[in-house]
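Chain naming follows the written order as A, B, C, D and E, and within any one chain the residues start at number 1.
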């Protein structure tokens, strides 16, 4: 097979690492390198999608080669990632003015990791891409490393997703266990769905947990909230086509495994639906635009997850993929636009952005298109893709369908709020509401406009993916034979609901309350803190104390600063090595004192002792034969 | 012969240096580095030759085999040789010592003796990994303790260094005696009596002697566990590291700890297979406890070097988990177990490289700031970007991010151990989360945020970069192209699994 | 009859032992040792006479014991002189500089 | 007669032995010791060892003479005639020696000693002489070496001056 | 015939050398007494050569009263070599003193006695060897003629006399119950049928004397006090040469004993355990290096006795004993030589920082002290390894474990001395270095290492002799 898939991973990785190693010396060339490479990657991805199908692998571990597999889903995803990454990097030219070597370097490595995740054909490669993606996301979110909050947010993101990643490690073990005695690449993704019983469930659970963590599904959603501390281009890429979306993608790709495990598919579907509803509600009640978008990411990806979990009527992979792509374009657009405003106006508070769409009309226009798509307004992209998923859901379970529909209404609600806010007339005190985060530039750079326009076009037009002819072919490409199209009734229902909700929200949107539970995303982070982080830290401190007690001579030694090395040994047991050893040592010392007592210096006592001991020796010989 | 020459070249150089007392300091360092580099070249060459099948004869699994009488009365000989198990460790040893040599360019306290001591220490470490005779193994084991004692006591820092050194010495020496008792048990059980490892592996002298085999195994295991160190025996490690000089710590953690884990794979598993299988659950439990205990205690540290020291306990715990799981035969196939063992071996190499780098970096920290207390720093990334970047890379490598060797090791350990020790592995794998957390906290404390004070903090010098950079590059190379090492490790791991399953 | 001689030997030996243990003066202590040897001589001779008179090993043994007694006593006196000259002492109790 | 002789001599030997540590002057103690030895010498005669008995008596007499001289020369209790009680750990000594006696006597009586084998040679003294010049020659060579060593050792310790120190006020030894 | 006059040539040379040295000394002026030393050294060298020449045979001479075999040869070689080292070591201390030649004579006589002990196969000869090896020791201990030396001599003498008497009684009893003859050959035939109580008493009584010679519990009391009071060379001699003869004699003696009658193995094992434990524990708090080494020798005897305890059970016992003895001798002498080489440093605290001014001496001390611990690759390690394996093989695993524990404990006090010595210190030391002790120390240090490293040569030679 061709070298193309490898290039897709290797090129950005190499270029990114080169930038990172070169450091500040590459500051000037960094942006150019980044964009050119991203461009090449986008082209290559498109080329890949157009031409290549199949598997390629190199020897890696003894039980598993490192393989890349290009199928319809992977090709589509890779292309999406490539294009959006390119557009985001272009926009970033305007926003990132210092530390470009670091930004573009990390971004390229990130893209490489995403590509590896997308294409990986086995758990090693998948996990490699998966974890590097997490690590680079840490560095990207914490890009402004002098701000403790940004750094903490990065740490939270990495730790949360890594906690979920453990699932993949377990899945790998299960794969190895379930293929005992078999040859070949035992960690291949395609083998997961045919694992024998206990291991199948372990693998399914592991994959589900890992994906839920990355996709910010319940209960892991909170990391996404903090991740907004990163620069807007980072958010735009992380939350649209990469990182978060990868969780959904993985589930789509491994839907066979979920289906084979049975319960896993159902759980997945319900997880997606629940997240769509819960995080939709959270999004509706935010005050901060980026927080709103973040919550909506979770909610929208809920539909991808839902799609992955659907098994009835041949599944919903086509709808999920469409939802994935449409959401990627839409969300990238919205984040970039939010970033542009943040950059220009210095605020991301909804209250501060009132009328922003009128101040910067192009941005306002594309933002509105994006928001409308997000709202599921016909005939925009997300309307169609969501309904494709929901149609299958209805075939499987009515409650699931209802939940999905509720999520859609909520989505229309928060999208409507955004539209209402940005399209409202500029208030007189607008200037006073700006610059809440940082001093804005009050200027939108030309370089930012083109990508926004492209994305807006995509967000609007990707609905074509649901045109019957396109959708059918897409379904075939994705390996879905018989596809259930949403009925006109369903389409009308969701469209109608969306219109109504948007209208309502745009009208009353500024009166929406922001309860604490919504602002804190159900207090998930606090809960994680209380249930996991603090106990672990407490346990760590406790264990450290135990450990120190056990070995405190060094500590105590530092404190007392005794200098006389001749007394080392004495100090060793004065302060104790550890309890047991200390007792042994002090016991030995006592014994040692005792051992010197016979040596009295008095000959007659030597005589007496020797006589008695010799007597004992005779007795010993007499008694023991 | 060639192998022996490579092993003893450093100590010969040390003798020359000591005898040549008036040598200028610069020249001493040049000699030291040159010899170290020569060792690296030598062992890489040996590796390539081995991979091509050179140096082997007949069915002997060991290449470059030399077997001479030494203490014939006690059935002990000078028997050395290499295989896929020892070669990676030998190369890693040579590399770590080279890094230590390059790093120590500016050692001002008795540089000549320092160099000589390290060269001698290098011979003991190399010797241990080539030894195919238990007594030879033991000799090198003990000599390494003596050498390291002087490194810590003589060139360490802190008022407690002598106490720490003594503690290190006492602990590990006690361990070594338990080891010796176990060896004697093996020797006596063999017929004819012998300390020869190849012969003992062939004979499995205590097979079928339930209780005595278990006792012998426990004796050896205690000795090795102290050195490794695993959970209840690890308390010597943090003070020893805290007070040791940077190069000493790098060697101690990078190389000396591997002596323990290497012993498990080289001695206990092949020679006492049934006892090992009987006690495998114990090693798994100790591995899991060590991994979590080390990670959690490290999480609570504020002293950078102590923190790294505790992460060593964590990483060694994984190795124990893997070798223990390889002894649980139920429900798995040999290949899965060999994955665990291969992971353990890669982990030895990987941990050697990464931890050596981290300790050298800690040395830089102490050199600039005079303390390891992470809270005394902050925002260093602004003034020392190269240092920050390299430390961050090392930290991520240590926490097992793919791309570096640690991932290859830990992935194989977890994947390979899970089939036989499912619950234990599922618990142990939580360790990667804790290590991630602690390294992130450490990075945040030292490098990120705003600077706490305006004290100058010079970035890495070229020399330091030259010492530490190659370690990370090697880790990266193994992480991206694991076949580099797995090519020899895999067969060795399979062989171990076959031996332990007998 | 052997038993009678052995009891005598034991008596002499133990009287000597009592002296060796209880006397402070070095010379008196040596007298105790002599008495012990005395007992040994009786025992050795009795053993020879009553057990294996044909072999002369017992006789030679007695001879060696007597020699030993002589040389030990000679050495004893030499030590006493040394002690007296060097430390101005003749009691064991006063010569206990080294202990523990 | 034989038994009576043995008994008398035994009582004398033991009593004199006890007297050594009971009498209150060193001179008397020396005398008592000599008496004990003479009695033992006589017992040896009863055991058919005329030669050994005689040399025992002679040796002891010589030794006692030397001892007497010694006491006069060196003892803290000059003249050796003063009453004295220089005893320590009396109770312990008594306990140990009585215990030892009980054990030894018990053993002496209870142990089944081997039966007598063979008879003494006609002339024991001559046979002894032949033995030490014959089979036991090495022992006797060794004894001569012991005697040589004793002379050198005793002189090394006892002489106040080395061969080279002529003046009485010379330091006593190299170690001073 | 076995009355081979040349059979005891090595011992005879020592004896004749003693006489000649005395004569040479008598006819030499005070500042020329070194000649006597030369004579003594020549005699010892001659004895060494004679011993080498006599090696390889295995026979009993003088009516089975003296064995010439591997053990004897080992004893002769090690004893004469150690004697030579002591003669060299003593030069600083004795040169020019009034009793210089007497020192040499006494050393030769005691060596002769030790040599006799190592070959004695007759209880009578054992007694004679005991006397010959003991009497010069009293004089050597008191050689310095100061109060300390007097005390040393007194204590050595009094304990030696008591244990000698007990030993004589034991010889009498064993002879009686063993058939009336004193040769081991006769005893080996006669003892199995003897009364148990009598044998038990006899064994303990004879062992008592031997224990005094080797300085083992319960006859160890003289060792620390004598070493503290004696001059360093004398102390080195006291703790080395008699032990060699004594241990070989003990080995030879116990092999005569029937296994069935009394459990002498257990007794020896208990004594070994007690010696090593007591010696180690008592050494813990010592500040005087001499006294510390004295206790350490007590513990070393404990390890050596392990080989005796398994005598006959395993073929490795004797070779192990021989190897350990050789290693112990050179190592122990080396440690004492370092003490002698730095006469100004009389406490272990005074050794602090000595590595700076005296790197080579401290390197020798390092080799010797770690050697005494049993750290590879020193000679004692090889010995210890052999003894441990032999003891384990002989079925006394508990003793091996105890010995290992003791080895650990011993680290404590050796490091208490060694550790500070290696540390840098600002102390300006312009202390005296004894001229002839220092080379001996180095020689021993190197020897300890070389013997350990070339264990192949040494022990294969040893084993070739033994088997």
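Assume a contact is a pair of C-beta atoms (placed from the backbone, for glycine too) under 8 Å apart; a residue touches a chain by one contact, two chains touch by 3 or more.
Everything quoted here is computed from the prediction, not taken from an experiment.
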{"item": "Given chain C and chain E, the chains that contact each of them", "value": "A, D"}
{"item": "Number of hops, chain A to chain B, where each hop joins two touching chains", "value": "1"}
{"item": "Far-end chain from chain D, centres as C-alpha averages", "value": "A"}
{"item": "Cα-centroid distance, chain A relative to chain D, in whole angstrom", "value": "100"}
{"item": "Centre-of-Cα separation between chain C and chain B, whole angstrom", "value": "65"}
{"item": "Chain A-chain E separation of Cα centroids, rounded to whole Å", "value": "75"}
{"item": "Gap in Å, rounded to a whole number, between the CA centres of chain C and chain A", "value": "94"}
{"item": "For chain A, residues contacting two or more additional chains", "value": "565, 568-569, 596, 599, 601-604, 607-608, 611, 618"}
{"item": "Residue list for chain D, restricted to those that touch at least two other chains", "value": "88-89, 92-93, 96, 100, 113-114, 117, 136, 139, 143, 146, 150, 153-157, 172-173"}
{"item": "Chain C residues counted as touching two or more neighbouring chains", "value": "13, 17, 20-24, 29, 48, 51-52, 54-55, 57, 60, 64, 68, 71, 75, 78-79, 82, 85-86, 92-93, 95-100"}
{"item": "All touching chain pairs, where touch follows the definition stated at the start", "value": "A-B, A-C, A-D, A-E, B-E, C-D, C-E, D-E"}
{"item": "Residues of chain A touching chain D in the complex", "value": "602, 604-605, 608, 611-612, 615, 618"}
{"item": "Chain A-touching residues of chain D, taken from the complex the two chains share", "value": "88-89, 92-93, 96, 99-100, 103"}
{"item": "In the complex, chain B residues that touch chain E", "value": "68-74, 76, 78, 109, 135, 138-139, 142-143, 146, 150, 153-154, 162, 165-166, 169-170, 173-174, 177-178, 180-181, 184-185, 187-188, 193"}
{"item": "Contact footprint of chain D on chain C as seen in their complex", "value": "1-19, 21-25, 27-28, 31-32, 34-35, 38, 41-42, 45-46, 48-57, 59-60, 62-64, 66-71, 73-75, 77-82, 84-86, 90-91, 93"}
{"item": "Touch list for chain D against partner chain E, complex", "value": "107, 110-114, 117, 134-139, 142-143, 145-146, 148-150, 152-157, 161-165, 172-176"}
